[in-house]
């Protein structure tokens, strides 16, 4: 039941075309959320600047092309495909031209709106070169959501002097995303250097007792820096998304 | 080496009282961070409004009283003691009068600065009455950091209509903290209702296969809502802290 | 907004005391679920025969007495307190007389409605004497929900002949609850003997590699009998509850 | 020893062709269960309407074709092959014509008896499009067991309004199967909306800390809704099977 | 249905007092296992020399005294109570005089039959003094089952020369039980020294990453010696029991 | 130092060609075990009838052929290759003719000594057809070690009557090996039916919460039958080996 | 067989009092290690400076006093009791006077030899005040083994500037022990600052997802600094021991 | 800021070309670590003899060739590539001639400096032939860092006499690296035989409950030998690296 339908129902009551018991009866059987237009409108406004996203992992190329094609036709926001594999990416780039393909993370981005709406800069930091794919996903997401992103790569905890040399870039960011595998210690170190929220992304980089990112995840959840929150292993998209939400505030 | 000491060294160079090789030699042996006054000043400004915190868990009452006593003498920010047990709390309240004691969470708060500096409202939601101690810790922390907090208690996922009845309160918050044990599903539901960052706190509430909060933790890390980040199990303080940082932006 | 309030609003529209835009505006700000009277009524009917339950674990005696006291004043359904400890039980029995106390499971039951509404018999089986507390919780719950319960205790998988000697009792039940710790094998054996749903409850009975019920839980989830579903470790209440729902169908 | 053989033995005793000690001696060495004709007959009646099932995972195509071929020749119940891979499915469809192939779940179904014997409707709900294969397995199983199935796809907890819009379909089902990966929160939400048994199926959908369905499994076991029971990860067949057993009651 | 009852039924058939259909009908409703006298007799013979055992862990002293009292009255085999705590042991020793109490393991043993029936010697080896309680439980069990036991204590893998100094005692045993906590390496070393079965008992001795015996358990399951099998953590009773079964062969 | 060398040294002492200090000095630097001829002889006798085994998993075909070739040339005991993959098996069968290849388990066996030396029969039981490869490995090993093996396949706990129908075969075995995946319940049921040692082999058969055999492993370790010991997941070889050692006693 | 006994045997051979076959026969039955005098002497020299240690955890006060008393009577090396609880410590200090008691770690130390034999300085670093007990155990051990120890407390990764301010103390140590709980990140940071071996000790400090030190343990095992090795959770003794061995080289 | 730049700044201060406030201002904005020349020089000296290492796992051949090529051009230390796969190794060997390729471990080594600088011998021990790749990585690393390495292969705990036969080689090493999979018991046995540091490397060799090296890892962390420290699963490089650091002391 849209607002229009509810209005018509009330008009029938007003005009006497419907009695109150009948109106109540019909309202009783309306799906609840159809009355939720206020909330939906509210959402639509809030969602302004948020890209449409297709999560490619585990989908077929056809499926992804179908969904992304409709999104590109319909709206005018940016469209982001994440976690495509090379074969999928090749087909997507052919059938839906105009995208940027980022092979490391598998992301494909279609720009529709390049306005920078974030209030400050988002720093995306990663510990080693192997963490770059996850950091790239965070970066691409944050950019597609209207943010300036400053990428600081390859600054591990075992080379503290390299980390400190970036302190100015870090302290001028409004939010910091930190991607790290292995022991996952970088968010704590960065968290101690800045006074803004740090979003930690454990990566599945490592071997043996890294248990595919579990060691990094536990490390980050136990961070001794109070300004650190954590997202799922390898979830660069989620980190970039939340960082963008914060940077809009 | 303080700024003063560095200034004096430069003056010696300027006056010829020290030659350049000698000055370099002395600088070579200075602890690095002593040159870091700029950063520290910067930090001090940023830290304005952040309370001093004493983590009580695993400390003796004497130790906590000693630390908190010094903090109360020295500064003029709010002071927060978290995770005191009843015996510790009783002694602290006697020896350091003027505090508010919150028995459920074990927090003790000393107000020194009641200015509300947060730009909006922080909502703190919890799933069941057993999650209230953790939610209370988040609330107390956020208040001590200058925020207005709106507490919404006992709105589990199995009673969706109760959750939806609070949608207005939720959608008007600038950040939302959600505390839940057992299956930890509430942050996803709340995350789908709001367009702002949601900080999820798994609680150790539950039994059996809740594994002391592990089930809730994993649930939250795998949230299908993209605006959810997670802190450690029972870490109400951390959630309140990050929510406050976000609400200052 | 109750049905009454909605009716009044429609009457105002009908009478012209309220215009349509104003009515829409007021409906927009109503909590959604208040429109849900149909569903709630529906629920109320369905909930007929379901006891009010207070989960005692982790609550204070005062808290439990307060909640249970109100439930006993207000309604006329059976009231069940689960997982009380001995001290709590003693106080509850004093302050809220009329209850039955079951020391093994810690349950306390107040009968208000002894009608047997379940369509058949529920069998509650347990593997060893140490599993009886959990089985008792299931039994008490199912009885309080209007079922006849047949308890078959101490029939482990290592004594198959004992199990088979109860095959007639098992095959005449309409639902079977099976509680087992250690290797959790009993539900599979029972599941192969009956053609009705089997609800398996892993118990935390065991030591060493039972890991507080994890071994039994995993065993039950991997049951080779297709008619087995599983609830949380030690969750006798949940098993009795679902068994009762099934037995009402 | 069949009933016939036992009858003959008794006739020998009656006729004096066998003395009692000899008869006892022969009975002593009979396999126990051969005396179980009563139970087996009983079972046969109860099993009416239960399809023959071949679990394809880890078997060769030849093996599956052999088993399924015999089942198709012999009986007149429906035959279901689950978890075939594409190559196996292709060969099965060629050599055993007449089946329906469901590529998403890998199920192949041979209809022999389309009678609808379930007393009500079974709802099969899934959280995301990636959960559809598991939901499909549940649906196909329940249909093959004589049930009308109502499929409600793609209603996650992070979009509560979508879930609520299906409340009428949910509340009119006699049993509900809910499939969800990631945080596994949907069964709790559905469980709070209905008053019938909910069978939760964790799916292995997700990545990182989903640990191949473990997060969803733990979430469901810790559900705050009391009407939820759980089957193994990805076990759509088991959920459809138990739902059908319940719907026959 | 006992043998006697079955005999009477056959006599009625023989005499014509019962017709065959009636007899079949009555047999149909007999509990299956009652026909199992052959098997039970067989068992009784095999069980000769196996003590009656009461597992004390988690039982009340009353319960243990009740069970053990009946066993002592009834049979003439040895009676063993395992895992009593000190308070329970004190009461048992008072109320059921004549037992030997072993405080380290909590075992209490009542001798009724001191015949040594084991064909050879059982060696019980333990790695450190902290493993002695578990080794003691194995020893007491094996002795009560009619075996000569040779105890070799405190021979860890880190002191190989001590272990080798016992090689003669080890190689003359017919079965070896090895109890070890921490890394659980001793069974492999012993397994390489002997040519008979080695039963490994992981103990919960250790701290930190021993995870209450899990490290030892995993170590033993992965033993590079092919003659090692494993029982549950701290299950000295089970090891002594199986060693005794082997030593009877 | 071989026995010969030690003899020569003593002869030098006897003849005066070496003084005692010099002899002691030389003995001091001898590798210890070289004095171990007694023990090695002892071992050799004990090892009579034990086949030479090459564990194929993770080795190259060349490596396996090299080792097995030498074993076949050198000794006259049976030779067993376990866990070959199809490609390796093909090459082994070509280059080392005369072997039996068992494709399900990947074992290859070369008979050199077909004497049956085991004192009784070893039963090898498995729960489902998918467990047969592991059971086959146990069977082949036990046969190669001189045992008569009775294989009982496909008797799961959910079909107890099938299991009981084999009770005579089970109770006449001297040792029983039981292989089961999924919930791993079969060893407990078998353990309750026999009075001899039961060696349980968890198999990695299953999916989801079977966690590649962990569920079965934990179930078996927690068996309520006292005569059960456990080997590593899928370790059919180890089970057959220990069963053979027991059957030689 | 001691050296003396072997000498006598050789003398008998030399004198003809024993023939060679008889001598060989007797040597055949000697325990192997009795020939190991060379190795034992060698060990004794190497063990010079290593204190005698009594691990108090899980022992009774009587037991500890007994062992330590003998050690104090017998030798002249330092004696160390670790992990005593307060009651045990009180009794030990009374009955074995002359010890130093360290209440935080529960260690008790008896000095017998204060020679400093370590070639350089051992630094013992800890992340937070709660890690001090473990650090203290490492320090006390290293001191008792003849080392100068430099303790650097409370320098977490989230306060990098504090850590760097100690870089001179760190870089002048010959070995570094680092104790840290929570995320266990400090060893990586320290490891990047020094060029000597770093021994990391995870502590059980933390809560929630620290899982009693597991998070720190995994973090340290995955350290991105190549000079880090790890000991068991809370094993300050082991770290101090190995550091001392290294510092003797 | 290099030393040169700092010198120039001081010269400007000395000459009056820059005033002190300006100089302070410029120093305030210098990256911290640029002042760190002392530390870097210090490091450079310490790093003498440490090879440049490229970790090949997860990198492309191009990437590895690029990095290694630059290292070979630039410096004059040894260059080590670890964990190359066969395809990568083939390309590296072609494009960067002069390397030694070790196919088992995937290491490629370029000698530039063959000076032996280690003060003693490093022993590298492994338990089984499957552990050799990891042992090889440790050996190659230690050699490239200027050490003599003594490799002792295939000496498992289940063949103690083989281990003891190498006691002289073990006791003459200055550091011992021990690689073992399965139960990981070898480091304890070796640790008890030597008085020097033992670095234990768990390998992922094994199956079933070895959980890819977890069993070995836990075993080693719980070693009863006090001189054992542990590195990550399969981390032969790290073990060789730390052993080399120790052997330089």
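All chains are identified by letter, namely A, B, C, D, E, F, G and H, in their written order; residue positions are counted from 1 within each chain.
Here is the rule we go by: a contact is a pair of C-beta atoms (placed from the backbone, for glycine too) under 8 Å apart; a residue touches a chain by one contact, two chains touch by 3 or more.
Computed from a prediction, not measured in an experiment: that's the story for all the values here.
Chains touching both chain D and chain G: A, B, E, F.
Of the pairs listed in C-F, D-F or D-E, the one whose interface repeats that of B-C, with over half of its contact pairs matching by residue number, is D-F.
A rotation of 90° superposes the C-alpha trace of chain D on that of chain F, rounded to the nearest 5. One simple way to say how far apart two chains are is to compare their mean CA positions; for chain A and chain B this gives 24 Å. Note on chain placement: the centre of chain C and the centre of chain H lie 59 Å apart, centres being C-alpha means. Centre-to-centre separation of chain A and chain H, using mean CA positions: 39 Å. Among the residues of chain D, those in touch with two or more other chains are 29, 32-33, 36, 164, 167, 208-210, 214, 217, 221-222, 232-233. Chains touching one another form the pairs A-B, A-C, A-D, A-G, A-H, B-C, B-D, B-G, B-H, C-D, C-E, C-F, D-E, D-F, E-F, E-G, E-H, F-G, F-H, G-H. Chain contact summary for the complex, chain G toward chain A: residues 127-128, 156-160, 163-164, 181-185, 188-189, 191-193, 206, 208-211, 214-216, 218-225.
Contacts from chain C toward chain D in the complex involve residues 32, 39, 42-43, 46-47, 53, 119-120, 164, 167, 171, 174-175, 195-197, 199, 217, 221-222, 226-233, 237-239, 241-242, 245-247, 249.
Contacts from chain E toward chain D in the complex involve residues 3, 6-7, 10-11, 13-14, 16, 20, 23-24, 27-29, 32-33, 35-38.
Touching chain D in their complex are the following residues of chain F: 129-130, 160-162, 164-168, 205, 207-210. Every residue of chain C that touches chain B in the complex is listed here, in rising order: 29, 31-34, 36, 39, 57-59, 202, 204, 212-214, 217, 232-235.
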